[in-house]
Every structure is written in structure tokens, then in C-alpha cells.
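Heads up, the thing below is written out as C-alpha cells.
Letters A, B and C mark the chains as written, and numbering starts fresh at 1 in each.
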């Protein structure tokens, strides 16, 4: 089975990822410098990745500066100016109670990125660690972890996320937790496979011979080496995390009103499309799409940078 | 067939679909559409029997059209030309005539009426059906009790075509309560045949099968998707309906429902959001009807057992902080009857629901809040029902914004449907936006459920005021004894007390909105807020 | 082979036990009180308690769980309170609708993504390659409910090309006699072309919405598989021996690249089956996904449990089949223990 990657859209893991080719001890500093040089090379040689990096920069800027550069208060209603189409005063139009959609879309960037980053960081920490332990130690650790993953994977992902949020209550924290849980098997399996092929690699054996404890080897030799592959995965699941939150909002389980968030704004605007007020759903929808799009392209680009041999 | 051939045939199949979809479907079936009504709404029934466990609103509609009652309400034309049921006119249905005496009422049944399977309808069937309604528990039993119909001993089949109800106590609502959906008449022999030891009233059978004799039969029911009705050609309890078939489809998305009726693919779209209604009325492509929901109002309700809402000044401050007109404009697009801004809280007539004397006045609200000891405001939680989110959510957001102006920080809490009922029953929510309407259109009925110290589930404020209870009880007694003067005085007093004390701040009386093709006639508004197919017609 | 199969089945057992426990717990911790909800608007505390007892919700959790397991063993999944029907009946009636939609979407996605993936691999690094990457990534970046609504607005409301989004069949058609449960196939079996067209027309928009989402994984898979095959020895040999490039790509490279693609299609299918929940809601499609969402919103436990259980079984069975098929096709792959 060759090394495919469909995980951009497919949170389920593939049939066992293949062993990685690189087999070397971690050299963080040198690796970083080389990576940076390679990054410049990839960004300039691959226009799509370059574009994605530029896009990411814009999104990050919006997330940081959003509240200061928004022309209106994203929460202030103005019923006299409700449901206005895009104009010079309101670039993206106004919603049912007259809030400025441009300001709301801009301000929402921070929350959406926060949800995505937190959930990915959480699943990276949990799934990554569980997977590394399973792959490195094998035995019952592996069996227990794999059964947990199997159990989670047997659920339809979106429905499981819905169930978790409905059960725990619809707050941002619970959206983050739900998104992390449904992605757990993906991270666990990738980390497991990567750790597994390295557990008896030359540099690990060498570390063992020099008297390092197993835990120390895990932390200093195995973890740093699988970081790049996990980073690619993180970028790819960021997009899924945002989509997941939007889907939850659509069925009324998302972020609470009146907080601006792209998903809930699309859901609110959905009812207005047929009656001709397309702008309410369109602009947050576009923002959502662009962000997810950017993360997906970025994931591809990162893979190119980190692991040229695995380019697909 | 190898893989490639399969793929290419699959894409050919899809191609055919796209070409086919260009056909004007509506025209191709003009013939069969002539006497068939295509109705769309957000939800479909979950049970065809009003006595069932947890029968939902659409289920009421199925029961209303497929079963007969002894009596029903008459119809009247409202000043704006639309038609509505008339709460003051009781009309015959299964009963040809009835006589009321001091201890009860005796009904003479129609002799030619039959159930759908051809069995004649007898007084024994009526007795069995009423016994069932007061015995099965849950909603039907509570609704029967609202008219003092409490136990089987009250019902007697005198002979095959004479049926008597003995009053448990004088109650003006007993006879009106016999014309609501619950006292439907069931084919007792048929249901008994399908009853089991565990289920003596045959609820499992009537859930999926109609055992009545009403104007329509259920020809096919696909739960969650559609109900197909066929006319009962042998119906004797009223003029034979013009429609031979009614197809009722569930379309969850309001945008899709609007598109379907605007493009002429559906005949009637029932219970539309105010915005769609306002715009369709303006566009004029389809006929629309809008009727204020009788005895119903949206209101802000504060639990008086939870400080600071125990302080009337706090409640009044909130009443002055509500952005009433903004809500009317942005949430309801003007399609509702305002219940604010009257000259006084003390009524000069018996109109109900009626406006309060509150209007948006932030300065006054701030002053009242300071008087109450909260010059800096306070924090609370404002809850609304997710299922009613289309009104509740923008309303809550506007209210939240206005409350912030007087220092009250209200966190919004969207409660999913199942939780809503539970939280309401537990009275655990301090501050809510809610809708309530009573089937029987009398102010004292509303007050009995929503304000009275008996603390029913709709008294979400847990409000107990002996002075108010006294007036509500007096009004009910006066209605039973026919004492019009006492009745009027008590009703006016109870409204004034409730509005001044403000545990519940009325916002507006919503309208029931319907859009239909111009060829559709005979629509009438009913207290149960569901569609009666029997009077509908479909022109060329 | 049989021993391997038994071993494989043994690994499934703990998963299924886990699924049953998790499902039960998840639905029981859902807030809200179904008893209060289904007791109706005017119910008092006493009638709520009556309903609670009739639903068995007044018993302690372990007892409820045992009752649940016992019911499962006898094939009784309970009743859906929202439609009033037994869950098993509902799922059986709705699964073909979901499966027909999902399969059509999958076929549609394959018809577009596979040629696109091949093209991208053959012309690696070219404009087509980048376009392919951008288009498929854009497809997977759209929230499906948004795409669905947009399609309805444009193709039904504005252009009038698509039929009304009223479910599986226009109202004035009758369902074809049930053979497979797939309306399009059943109509063909019945020889009713009109109904076939009507059913196919209803499928187009929701299937396209869903297919857009499945483009990316399939195209990427195809591209990757093609790339690795194209660089292998036997392709070089075929090229060197002067075969036409078209023949090399289609007859040699694609044939060999097909195996991993097909394997992963199974997973894309089950992923779509879960993801079409939102599409079903937008298009009023009477499938299992929309059914489960409605039930979840109402804290109606039985359908949620039934749905999740059915999906889990489907997923496990699908993977088992794929594993077995793989072992049969390629003897070098042994079954994992």
C-alpha cells in the first residue's frame, strides 16, 4: 500500500500510513534553518502554496487586529438600517437587526481561529501522545489506545460531535472538546505508526545503548522526529475544525448569540437566501471557505517543506 | 459490467436526470392537481391520535380532519374579510341537537353517521371515547379537566343515539371544551379489537390508524415525510369537502417552503415566518391570510421567586427598557399586534389580549432600577426556546442590547425543545422570552393557566398573588353563573393587577400566517392553529 | 483464512461493546426531560410522571442499561417519539434513501475526481495539477449546508432547472414498487421511465452538494496512486517498448492505481453517510441522518442510539469486507491480528 493522503477531508485515517523515509536523530536548530530555506524555496516555486501563505498572513492579521479595525460595533443593532444590501457604508450589508456584516465577519476571525487552534492543539496533545505511547511501547498500551480509537471511529463523526455538544452544553469550550475527540483516532493512528517504525531505528538503539531511559528516548528522540508529520496533519484538521463548528451552529448547537462567528452567521443568513438577502449568508460563508481553503493548501505546502520525499 | 462501463452508465443516468429536471413538473400533472391540495409545512405528525402519548401539533391537524366531535364552532368573517372560527357559536357536528339543563347536557346524535369502515356511530362509541379521554392521562385528560370533564361517571349513553354529559360543577367552559380536538369520537369496536392487555385503550393502533368517521381518511402516512388524505365520500356531518385528496409534505427549510409556494409548486404553505409573509403579501404573487392568534401572546417572563425579580420595581424597570418598536419592526416586520403603549394598565373594555401602558423609556427604567436598589444593574440569564428561535433569537439579542443600557447584563441561553418544557416545569429559568396561547378564548382561562397561584406549568413566573387569584376565581364563577357585571369587573381588575405588578411583560400578539395560490378558497383560522381541509376549495 | 477471519472478528467485539456503552451513556447524559416534552403543553407534574414511567425513565441507570441491552438482543430498538414508529422500521425505511443519495454522490464525485486525479498526476506540476488541487480543496472548504442552500437558490428558485426540493420524488408521482429501496433503480426495474426521471432529477442537487465534498479525497488519492505507479519499473518498460501514452496511462497505470483508490472509497462512503446529515436537512431528504438530528434535538434517545448503532455496524462491516477483499485480491497482504 503506497503512502496516500486523503486526510484533508477525511478525518478517518488511511490504511496504515507507510514508514517514513527519514531516519535520523533530531537536530532541531539545523533542521529549522534548513526548513526555513526550503520554505522560501517552496513558497516561491509553488505559486499555490505562496498564495496560501499570503492568505494565512491576511487571516492572522484580521484575527489580531479585527476588533480595532472594524468600522462598526459588531454587536450594535440599528433596526432602521436592517437588511441593507452591500453599500459604501456597509461593505457586506447589514443583517436582520441592522448589524454591520463586514464588522462581524472581521471580528469573528479571532474566535474561529481560536476554536480551530485550541481543538487542534488539544487533539495533538492527547492523540499525539496516546499514539506515540502506543506505537513506542506496544503491548497493552497499544491495544487499549487502539480500541479507544476504534470505538470513536465507529461513530459518524458529525453526529458524535453533535451528541457531545448537546450533552455537555453548547459553549465554545465544548465545541473545542467535541472537535478534538472526533479527531482523536486520526492523530493517534498517525503518531502510532510513525513511532512504531522508529522504535528500533538506529538512532534509538544508539540512545538506548548510551543509557537513556525509555521515557527519555520517547521525549527526546521519537517525539521531535514525528513532529513534522503531525504539523501537516494539524494544518489539515484546522479547516475541518472550523467546518465542524459551523455545522454545529447550523443545527443550533454552536456558539451562543449574539457572538459573531462565521458558522452561526451563515446559519442565520441561510433563511434569508431565498428571499433575496443573499449577503447575510454569503460573506461569512466566503470568509469561512477562504479560511478552510487556506488551511488546506497550507497543509499541503507544509508537507512539501517538511518532507519533500512524501510529496503527493 | 466492468468498472469503467459502470461509471459511464452512472454518469449517463445523472445526465438524464439533469435534462429531465428542465420539465415544468407542475404543468405535466395539471389534471390530477385539480382536486388535490398540496400542502407544505415545517413538521409532520408523529401520531394520528390526539389522545396519544406526546402527539405533536401537526398530529392535532390529522385528528381534527379525520375525526368528528359532537359539536364544533361556527365560522365568522372578520372585519378585514378573513374568516375565523367563532367562539360564541357552537355548531352541530355528530350531534344534531342538544339541550342544556341545570345538571347536564343531552345530545341527540345524527342517525346516518358512519365510521370509515361503515359501522354506524352510536352513543356507546361516544361514551367509550370520552371515557378514554379522561382516563389515558397526559394532555387529553388535562384538556378535558379544563372543562370540568373529569371522570367516566359523567358520561352516559342513554340509547343508541342519545348521549348525556353530567356537569361535575358549574363551569362556563364545559360546552366550549366539547368542541375542541380532544373529545373526538372513536370507532370503539375497531379500537377494542386492536387493543391489548398492556394497552387497553388501543393507543398503539390509533397512533398509526384512523379509527374515526371524519371527512378525511389517511390514505398513506410516511412519518416525517408526508401524509396523503382521501376524502370520505360518505361523510354526513357537514357539507362534503370540495377536495378529494390532500397531500401534506414536510419541508423543514423555510426558504424552500417559500420557494415552493412562490413558484406555484405547492398550494398552501402553512404557518410562515413573519418576514416571508410580509414580503409575499407585498409581492402579491400568492394570496396570503394572517389572523391574530386568539388568546395568545409573546411575553417576557420573570421568575418572582428569584431575586432581583422578586422586586416589582425591577420588573417595571425592565418593562420600560424593552425596545418594543424595534422588535415589531425588525423581528416581526410589522406582522403582529402590538401589546404595549396603551394609556393605562386598567382596561376600559374586555378586549383580550390587550396592550399594557409600558413603552420604551430608558430614563424611567434607570430611575426605577435605582429606586429598587440596583443603580449599577445586575447580571442574569435570558432564556428562549431554540424551537422558536426564528422569533426568539433576534428578539433576545435586541432585548439584551437594550438591557445593557440600564446596566443589566443578560447572557443569552438558547434552550433546545426537550429541555425547554422540562425547565419550564421546574421553573428553573429566572428570565425568559416565551409564547403562550389558550385554546379556549377567554381571559380568565389565560389567567388561570398563566398567572393563577395554582402555579400551572405556564405560570413560569411562579407568581402567587392572592388578590389576583381572587379575581380569577370570581371571574370563573361569574362566567358559570352568567353574572356579566361581576365577570366584567373581575376581568378588568385581574388584568390591571397583573399588568401593574408586571411578572410577565406582554410584547405582542403574533399572527398565524398562511400563503396560498390564488385559486385556493375557503381558508378559515381555527383556535388550534392548524388547517381545516373541509372548507377549502381549489378553483381552476 | 477462517482463523484469520475469526481473529479479525474478535477485534471487532470490543469496539461494538464500546459503541453500545458510549451510545447509551451519551444519550442519557443529554440534558432535558423527554417526559416533560412529550407530556404535551398543558401537562402537570403528575402527567409528566406518568409519561416518565411509561418511557421507563424513572428507573436507575444500570437497570435502564440492562433493559437496553436486552432489547438490543431481541432486535427491539425502541420507538421514535418524534414520528411514533419503531426505530428499526424507521431506519430500514430511511437507510435506502440515505444510501441512494450517498452512492449517487460518490459515483458523481468519482466521475469527476478520478479523471481529474489522473490528469493531475500525468501532468504533475503543470497548471492542470494546480487547478485540480485548488478546485478540489475549494470543494472541501465549503460548508455543505451553505452549498446546498446556494444550489437551491440558483438552480431551483432563480433558473428553474432543478425540481422543487421536496424529498425523493415529486408529489404527483407514486413510489415505484420496492425492490432495492433505491427509487431510480426500482423505477427502472418497473420500466417506468417517467418516475425514473423524476427520482433522478430530485437526486441531482443534493448529490452534487455532497459530491463536491468528496472530490478532494478521491482526486488526491487517485493522483497519489497514479504518481507512484507511473514511476514504477513496469510503466517505464511499457513506455520504452513504444506503447501509446494513452494506453500506458489507462490500461497499465490506472488499472494498477485503482486498487488503493477502491479501498479508500469504502471509507469515503461511510464518511459521506455521516456527513450528509446536513444535506438531508436542507433538501428535506427522508434519510437516516436528518432523522437522527431531529431526534437528538428533542432528546429522543431511541432513534439516536439506533442510528449510531446502525452506522457503527455499517462501518465495521464495510471495513471487514474491504480487509477481506484485499486479502483475497492481493495474497501478499495478510490479515492483521
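To be clear about the criterion, a contact is a pair of C-beta atoms (placed from the backbone, for glycine too) under 8 Å apart; a residue touches a chain by one contact, two chains touch by 3 or more.
From a predicted model like this one, the values you see are computed outputs, not experimental measurements.
Taken together, the touching pairs cover every possible pairing of the chains. The most central chain, judged by C-alpha centres against the centre of all protein C-alpha atoms, is C. Counted by C-beta pairs in contact, the busier of A-C and A-B is A-C. Chain B and chain C, compared by their mean Cα positions, are separated by 38 Å. Chain A and chain C have CA centres that are 23 Å apart. The distance from the centre of chain A to the centre of chain B, each centre being the mean of the chain's C-alpha atoms, comes to 46 Å. In chain B, the positions touching at least two other chains are 253, 255-256, 259, 386, 416. Annotation for chain A: residues touching 2 or more other chains are 166, 252, 270, 273-274.
Taken residue by residue, chain C touches two or more other chains at 30-31, 149, 152-153, 157, 281, 297, whereas all remaining positions touch fewer. Listed in rising order, the residues of chain C touching chain B in the complex are 30-45, 47-48, 50-51, 54, 80-85, 90, 93, 104, 107-108, 110-111, 114, 149, 152-153, 156-157, 160-167, 170-172, 184, 196-198, 200-201, 203-204, 207, 258, 281-284, 286, 290-291, 294, 297-300. Remark: chain B residues 3, 7, 10-11, 13-14, 16-18, 20-23, 25, 28-29, 32-33, 36, 38, 40, 44-47, 52-56, 137-139, 141-143, 146, 207-208, 222-226, 247, 249-253, 255-256, 259-260, 262-263, 265-266, 386, 416-422, 424-425, 449, 456-458 touch chain C in the complex.
Those residues of chain B whose C-beta lies close enough to touch chain A in the complex are 253-256, 258-259, 273, 275-276, 279, 323, 326, 329-331, 386, 389-390, 393-394, 396-398, 400-401, 411-414, 416. Only residues 1-6, 8-12, 14-15, 47-48, 147-148, 150-151, 153-160, 162-164, 166-167, 169, 239, 243, 246-247, 250-252, 263, 266-267, 270, 273-274, 278, 281, 285, 288-290, 292-293, 296-297, 300, 312 of chain A touch chain C when the two sit together in their complex.
If you check the complex, the residues on chain C that touch chain A are 11, 14-16, 18-19, 22, 26-27, 29-31, 130, 133-134, 137-138, 140-146, 149-150, 152-153, 157, 213-214, 216-218, 220-221, 223-225, 227-228, 260, 263-264, 267-268, 270-271, 273-275, 277-278, 281, 289, 292-293, 296-297, 304, 307-308, 311-312, 315-316, 333.
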